[in-house]
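Below are the structure tokens for one structure; questions will follow.
Think of it as A, B and C in the order they're written, each chain with its own count starting at 1.
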Amino acid sequence: MTEAAPPADRPRLFRRRRASAGSESGVWYPRWFWPAWSAPGALWLLVLFIVPFYVVICVAFGTVDLFRNPLPVWEPWYWTASNVTGVYHKIFGAHAFLQPVFVRTFLYVLAASIICIVVGYSVAYYVARYGGRRKTLFLILLISPFWISYLMRMLAWVNLLQTDGYVNRVITFLHLAPRPVAWLEGRPLTVILGLVYGYIPYMILPLYAFLDRIDQSLLEAGRDLGGSPFSTFVRVTIPLSKPAILAGLVIVTLPMFGDYYTNNLLSNSPKTTMIGNVLDDAIETGGQVPQGAVFVILLMILLIIPMLYYMRSTRRSLEEA
Amino acid sequence: MSVTVPRVDAPAVEHQVPPSKRRTWWWHDPWRKPRILEAVTWAYLAWSIVPVAIAVLLAFNAGRSISTFQGFGLTWWNQDEASLFKDPELHQAIFQTLKLSVGTMIVAVPIGVAFAIGIDRWHTRPATTANFVMLLSFVMPEIIIGVALFLVFQFLLKFIRLGTVAELLGLITFQLSYPVIIVRARLLSIGKEYEEAAMDLGAPPRQSIRRVLLPLLYPAIFASAALVFADTIDDFVTVNYLHAGAPTEPMAVKIYTAARGSPTPAVNAAATLMLVSTTIIIVIGFLLYRHFTKGQRAGMHDFAAQI
Amino acid sequence: MRHPREGWKAARLSRRDFLRRGAAAAVGLPSLAAIMAACSNPTKTQTPGSSIPIPRPDNPVSQPMKGEPIASGLQPEKGATLKIFNWDQYIWKHVVGDFCAKYDCDFEITTFNNMDGAIGKIQTGQLDFDIFFPTIDVLSKLVATDYLQPLNHDYIPNLQKNIWPELVNPFYDQGSRYTVPYAVYTTGIGYRRDVIPDDTIFGMSNPYEILWDPQYSGKVGIYDDYREAIGMALLKNGITDVNTTDPKQIELAKNDLIKMIDAVNVRASINGAYRFLPQGQYYLHQAWSGDMAAAWAYVNSYTENSFEAIGYWYPEDRKGVIGNDLMTIPKNAPNPVLAHLFLNFMLDFQNSMDNFSWVGYQPPQNDADPDTLTKTEGLYSKLSGWAPPINYIPPWMPAAVVRKEDFDTGYMELELTPTVDNLWHDAWQQFQAGAQ
């Protein structure tokens, strides 16, 4: 579009937007136009998302009153660091009993994420490239977990993994184990598979959306240059899908860190306690609410760093494109 | 006089032999069907759907067991004392769930869509920050938002008492990012040509948005509305912290506590009810979408692809 | 890019820009300023030394009167909704329904699984209930934080008439200013009699140790309650002060609990004893006497064998944990007259016995002869119809009966000072965080 000077009778409020990456100038919108659209959402987030974190910080650096009720301290200069040092000692100190919890959570999330990537990528790849006429059917089945509620899906596993449930029946029938396995009594495997089951749909859909739109000619070029299917896959497809994998990972891994209900529903044993459980218990106990607030801040910091990295890397890839 | 050129038989070229008669091993066949991937996909789909089917089946269990199907019966729907429809608390819970879901949907979707449209076109530093915060709220574990809001309503915004209002505010905050992400994805693929064409033809900005851009966004808007509704019916983390006693506990909280505490097939029945209502809403959403986008390429694929 | 002719416009808009950016901060500033003005350094305003009274049997406490009870002779509220905040499965809706039929009201029961969580919720100050069922160890704190209202006993004549005298004027609430007792119970071990014969567990020198026995790995449970769990570990080590302030003793108990995780893969639950032990998910579970008495209703198949498979152990010399639960009325109760009448209703002999037949927890009624409890059938058993008759306390768990004399030999879990409470909670948090 060619740029033209505004006609003299147009109100001066209209002005050209700055040319920036991805936009075309020459379209006349008032300067307040687009921000006005975003304002309600931004305001909502400010009041109910940003401000609460200040409150969390005030509670974390606050005290408890006589009856062990939390007392937030609003002025930063009165903040006490006793709760933070207390939590620090519980994680890194002499009797650091929270360290195993953090380590355990990391391991579970790592294992679950790896399974999610491997299985999710395979499924997304197959549906995207070889779906054919059944693509719509596959798509509906893949989306179904979003409207079959999470609770229903976990409930299904609680039913199946009972000691006299169908899973144990199949296992004993096939003589895979001498006697029924106690799945719901504090097994890390159950919790990890539960996490995978709950979050893998969030991995598959972005991957599918991306793989569906991949330019076939790129793949064919790889093949034409003599690569076997496998090497084309490794050298062309995977690097191309890095942003999609990263996006899927972010959507899947970060919420997993705060997951406490999977453990509660499928295990309920101190052996598989995760960070989310410690947080939940601390908030319930009046005297430990400041500690709980410290955990919230800790979790936030743990998550913001990968988020920032993700934002940086996607912006870079957008600029490269 | 014609020269007779000796006919040379074309050599038997490999690619003319149909793949099934090829003698190379299946694995080395570059045009093989991806059997492993296919098996993995079907296995995944079975693993994903079959447990739910069994859970729905157990909702119609005639006996008390939650692990074995003991015959078909409506025991847990309206016969047993602790069944779904006989328990008066569950009526309240169902009503509360509907209130919360509809309320969240009608607030979160417009704000989210507006936010997405604005962010997509507004390229300044505040916009990037707002975008970052929105993405942060998307990947944030729900417990963090729930706990933070619980502390806010307890210590700062004390005029908002725990209860339905607090629950609505918490749910909208958590769900706000879904419409944003879906609509932004759609906006990226739409591009600006249509609006510019409309402006060239003389439409003022507001009209061009309303009559050109929004109709193009209908699939995304309906998809996000359906998703927000389904997600809110299922939400129990935020509501667990923000509820104020039995009348403000939605179905999800009751199912969660029952599943942990005393699971009977009535819990399965309640979850099946939730499933049915979500399916109905999705179907309604899809039909509305078909109605509104008569002129465009409409189809399940397009609708589903928005998600 | 700015057009050169729009130079001064740019300046004007950049001011607008500044205002726009400042607006966000300005919105937040007044509220923050108001809050900051209202607050002074809280760490300085805490008065050290002022504490809550710590009741003990040898140190009876009269809770301070905070406010006036309601006037006598008022009419109950009409068409109201009675809001009850109680443990899960701890009151029979049938009985509450009878009350509401009599006084023309509806009822709503909100439940909790954990006293800590319940206190956390009600101290937000934003929930209004008519009746709350606390334990004794949180009473002083509730009174001091001005949560409960004093009772007007003109509405509750059944207290004097029907209840054990020791509990009419208890040491933790002299004059029953804020509470009436609801049920009495002991804490022992529930077990599957078909897996562990009675003689085995009753014959052990220290039966608490059976909970650490690796042969029952995966089938052992304890209560998800820091007082009960740590208290039991203390008793296992022979420490009879279940309100101990000694950090070394608490440490010992905590280490024992953590050893349990590895030894038997223990799980902590609140309802495992009555809900899951009858179904075979636990063979041993720390249990309140009432839980085991009511467990028969939760078996999978209603046969004599299933019922008789449930057993309850308590020290034969009756030297174990004992306690009673309370009924109170919060200060912000919307229907205080109805609440008082409800308390009176639940203290009536027949109503409390009917409730007992479903809930399993024994009421401290004078007319309930403990020796007949294992021989008399309750209302719930009669109404249920599908089962062979089950008496108030099944005859094969006689240890579950509570007698007045048990309070002389038993150990009650009572109020702790906030510092000591912190110690206990920290120990519990360590257990919950899992194995080392």
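Here, contacts are C-beta pairs under 8 Å (C-beta built on N, C-alpha and C of every residue); 3 or more make two chains touch, one makes a residue touch a chain.
Just so it is clear, the structure is predicted and the values come from calculations on it, not from any experiment.
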Practice task
Examine which chains touch each other and state the graph shape they make (line, ring, star, complete, other).
Solution key: complete
Practice task
Please give the pair of chains with the highest number of C-beta contact pairs.
Solution key: A-B
Completion exercise
Cα centre of chain A to Cα centre of chain C, whole Å, reads 37
Exercise for the section: Using mean C-alpha positions as chain centres, tell me how far chain A is from chain B in Å, no decimals. Expected result: 15
Exercise for the section: List the centre-to-centre spacing of chain B and chain C in whole Å, with centres computed as mean CA coordinates. Expected result: 39
Problem - Residue numbers of chain B (touch at least two other chains) - result: 65, 126, 156
Practice task
Indicate the residues of chain C shared as contacts by at least two other chains.
Solution key: 35
Exercise for the section: At least two other chains touched by the same residue of chain A: list those residues. Expected result: 18, 35, 51, 163, 268, 283, 289
Handout entry: Of all residues in chain A, those that touch chain C in their complex
Key = 5, 12, 15-16, 18-19, 31, 35, 46, 51, 62-63, 65-69, 71, 73-75, 78, 80, 95, 97-98, 100-101, 104, 163, 182, 185-186, 268-273, 277-278, 281-289
Exercise for the section: Mind listing the chain B positions that touch chain A in their complex? Expected result: 30, 33-34, 37-38, 40-41, 44-45, 47-49, 51-52, 54-55, 58, 65-68, 111-112, 114-115, 117-119, 121-123, 126-127, 130, 132-145, 147-152, 155-156, 169-170, 172-173, 176, 180, 185, 192, 195-196, 199, 205, 226-227, 230-231, 233-234, 236-237, 241, 252, 255-256, 259-260, 263, 267-268, 271-272, 274-275, 278-279, 282, 299-301, 304-305, 307
Practice task
Could you please specify the touching residues of chain C with respect to chain A in the complex?
Solution key: 1, 3, 6, 9, 13, 20, 24, 28, 32, 35-36, 39, 41-43, 46-47, 50-52, 114, 116-117, 119-120, 123, 141, 144-145, 218, 261, 265-269, 280-281, 418, 421-422, 425, 429-436
Completion exercise
Seen from chain A, its contact residues with chain B in the complex are 1, 17-18, 20-24, 26-30, 33-42, 44-45, 48-53, 55-56, 58-59, 70, 72, 119, 122-123, 125-127, 129-130, 135-136, 138-160, 162-166, 197, 200-201, 205, 209, 223, 228-229, 250-251, 254-261, 264-265, 268, 276, 279-280, 283, 289, 292-293, 296, 299-300, 303-304, 307, 311
Fill in the blank from the handout: Seen from chain C, its contact residues with chain B in the complex are 21, 35, 83, 85, 88-89, 108-111, 113, 124, 126-127, 129, 270-271, 275, 298, 300
